[in-house]
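You will see chain A twice below: alongside chain B first, and alongside chain C after that.
Right, the complex of A and B next:
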């Protein structure tokens, strides 16, 4: 079908085979170098994010004593945890129903739950804002949490669905044969096997919420400014190393969470695999 | 019989929360926006009931048409560049990285650990007149004095690719890894050169991943608003900025609703094209 010309042969040999390594290397530099520079200048003594004038921790001190940032952090944490809990709960139950039960419209519901993935978030945000003011709801924690649930529920559902569909039904049959009732089977056989996926869904949902700007732009109210919204208004005024210090602290927090999660869940996962 | 009834009731209870969530907070709000896009507006910004096509008519006029073109070309460029860069990266991770592959995938996720606005701010600094890139260019003698890169379409594109590249790499990688290497070797054994093997075996098999990548990059890039403001200086207004301005600053809800419905239509079109292309690709196999 494809004429195999010499030029095409050259193209594929050089670009796809030979140069894929170089493209990868350059891409990783492109992705990671800005972060390295960003973190380095968090320790700058001067007010510049370009000219190095000496080492200091003063921008970190500024961040942790900035009331606006701390308030926004509190809002973001509350919204992240609450929306992740709601999203994981609703998503997991729906995922189990979709993989385990047959009911009319199963495929439609599965697709609808994944829909926010491919609908522009800004339209969902605007729609929610219009609807909330139409219904007379005041913008605040409730609206923020609802908005963030919409953003994270496709991911929560898909993760738990993947885990639920790969479960071995023989384990549940065995439990039933051994005299366990339906609830006992679910509680003692199905749920423990789904726990890692549910936990992953929770962490991912919380992360998505914590990083969210678009949905928050439309659903936050007076006194519920989230951290990304605060950062956005800070950036529009100009960049100081305070932003860099905040970024460095975020990396630190993420590494800590990752290590905690791995410390708690890695042994569990290894045990499950051995079984 | 009773058992069946109980099971039905249980299934209903399990589905209720998600169905309610989707109906109440996605479907119904979208219907309200759709209705508002035909509504009238009094001089103070309040929405008046009524039916008019003026909101849509306004969109095809000069200013708004430019916004549309800007958004479309920005999203198209972003998607094209992400695929062009993302494919070789995914190819390398899938076939050449060997045991380093998991580490490379993890490294691609590290940028997500920092708020994306802060990551974009790193580019604002790097691309600035006193920034590292200008310094390196002057030092190496490519240019004589710093050039203004911030506030250009190029700077916006750098930020867009930076933000969306991982979205392109992951689906392509996921489509490439399951390809049976023996198929590629068989191609070679049958006398196909690397070009033919790639063009007739590897590329067609990975097309579903490429299509998914295009969809995952294109749809969100049509709706961004922060990156063009921070890196492009907000000069070229795109749909995302327009929606934010119309709703939160000008309080022109009917026209804002019309713009939102238009954006929704574009995404729907993207999804439709994706599904058609996917069916074609699958029919080819």
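Right, the complex of A and C next:
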């Protein structure tokens, strides 16, 4: 390479480096700025979400004393935890069976569990509503939970499947060799190694359920309005910083969960995978 | 394999394979194998990769079931008994320690699954760890140990429940040479002390020779020769065995005649006497085998001699390894102890002696 082209290369590198820095910055701004603005206006003293008039905690006070919001939060939490538990349980068992056993219909089961991932959620929702009214079910917690399980089960299954397929089958051989029956092998060797993935699947399923709007629209009944549904109906009455305050609290909750998961389980997952 | 080597009155059989065959789709890994492993012996399955030695081990352990035939452990037919109910434990090449358990919990595992009380379980696990000198590592996780240490833990785990038979699948394969030598000596000593039957799988003939009571040398799914280490080395059944175990000179030869218990052959441009009636007809082209350390330049005790030109000398420290080119062009390697005598000059012509009982003939 001649010195000239070397300098040219340096120039190109410099430009690319400069541009990529700006692109990164703009991407982050684009993604995070709305959230930053949302959180900032949660502390606005005035009734506007655009014009700043002073600092105040009053919208937070309003949120935590709003009966409707608290009820909706309770519904959302119950549905999130219940549907995540069901999704994770079914997903984990299915994942282990699919990766570890061979049985007739294995591929069909795998495809069926991943299908909701590619079907439009609104189609699923309508189909489920039609089926439920046909079956004479009354819309409420049960129907909500069933709907949310349908949404989150592909994710739960995929996460545990990925972990199960990276397990060393020789360890299960070793357990059997040392006298463990199938159940003992599963409980003492397979399951503990899958725990980080199962926990991740649970958290992700709960988060998906907590955020869900489309499926909830079809499957919630009287008295089981979820938080996203409540927020959506509040928007129809006009936007106040109360929604901002609620949003800020939800962001806080999500970030806390994320940090907890990362702090506790990420190092553990990296360690088991390294071997 | 000569029948005189089997002594049925002696120690009883602990593992028996009767006409065992193992087929994987179109591939036959094991052909109609009959094998008896005796109580308390250090038994080695030796052979190149793909010879069926690991398949044999997996069949005894119960990871695979035989396509045909019977497997008996301690007199009981276990052909259809799953791995976890067989009184054998395995030490795996990759150790297969449970990464989420401490060293102590790993070693206690065979006792935990048998619902042995916590106090007894921990006490026995500690004793097993002390046996392999890993007592001070009880609280560690496997990922915090070196390969050699993991190997010891795997050994303790396989021994803690005192199995009738311990199966070892190339357990030293991943260790470096020095550690390997140490572990060989230790394993052998431990086997003698505990009196447990060891079935050891390896492709390393030196390892097999130095540790085993008996060795089954395998090739493409069959046992070629089952013998003691000295038997395999000194009385190889065929050219394959002679070539696989140790270094061997293979010299082309032609049978001239059979005179009683001596075969007369022509090789290396001269005539030689070979002990034994090998059943070859006059004029047959054969291979004549002799170990490099049995070739000598001391003519006092030898019936045969031939002339060669020294083509190469390798200094190994304890030994000198000399390559001679004989008058007919064949190569003969001679190994001599480094006794301090002057090293011969390259190009020097010397007379080499071959005792008739050290020569063996194999069909070509």
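Here is the rule we use: the second predicted complex is superposed on the first by the 234 of 275 C-alpha atoms of A that agree within 3 Å, B and C clash if a C-alpha of one lies under 4 Å from a C-alpha of the other, contacts with A are read in each partner's own complex, and residues count from 1 in each chain.
The rule is short, and it goes like this: contacts are C-beta pairs under 8 Å (C-beta built on N, C-alpha and C of every residue); 3 or more make two chains touch, one makes a residue touch a chain.
Bear in mind that the values here come from a model prediction, so they are computed numbers and not experimental data.
On the superposed chain A, the two partners chain B and chain C both fit, without a clash. Between chain B and chain C, B contacts the larger number of chain A residues.
Legend: residue contacts after superposition of the two complexes on their common chain; A:171 is shown touching chain C, with no touch to chain B. Shared-chain residue A:28: touches chain B; no touch with chain C. Touch criterion met: A:38 reaches chain B, while chain C stays clear of it. When the shared chain is aligned, no partner comes close enough to touch A:154: not chain B, not chain C. In the superposed pair of complexes, A:110 makes contact with neither chain B nor chain C. Shared-chain residue A:180: touches chain C; no touch with chain B.
The superposed arrangement places chain B and chain C with a least CA-CA distance of 9 Å. Against chain A, in their complex, chain C makes its touches with residues 61-63, 82-85, 88-90, 92, 94, 96, 98-101, 109-110, 112-114, 143, 157-158, 161. The touching residues of chain B, when paired with chain A in their complex, are 7-8, 11, 14-15, 17-19, 21-22, 25-26, 28-30, 32-33, 36, 85, 88-89, 91-93, 96-97, 104, 107-108, 110-126, 128, 130-132, 162, 165-166, 192-196, 198-200, 215-216, 219-220, 222-223, 225-226, 229-230, 240, 243-244, 247-248, 253, 256-257, 260, 263-264, 267, 270-271. On the chain A side of its complex with chain C, the touching residues are 168, 170-171, 173-181, 184, 188-189, 192-193, 271-272, 274-275. By the touch rule above, chain A contacts chain B in their complex via residues 1-2, 4, 8-13, 15-17, 19-21, 23-24, 27-28, 30-32, 34-35, 37-38, 41, 48-51, 89-91, 93-94, 96-97, 101, 103, 109, 112-113, 115-116, 118-124, 126-131, 134, 146, 149-150, 153, 157, 207, 211, 213-214, 217-218, 227-228, 231-232, 235-236, 239, 243-244, 246-247, 250-251, 254-255.
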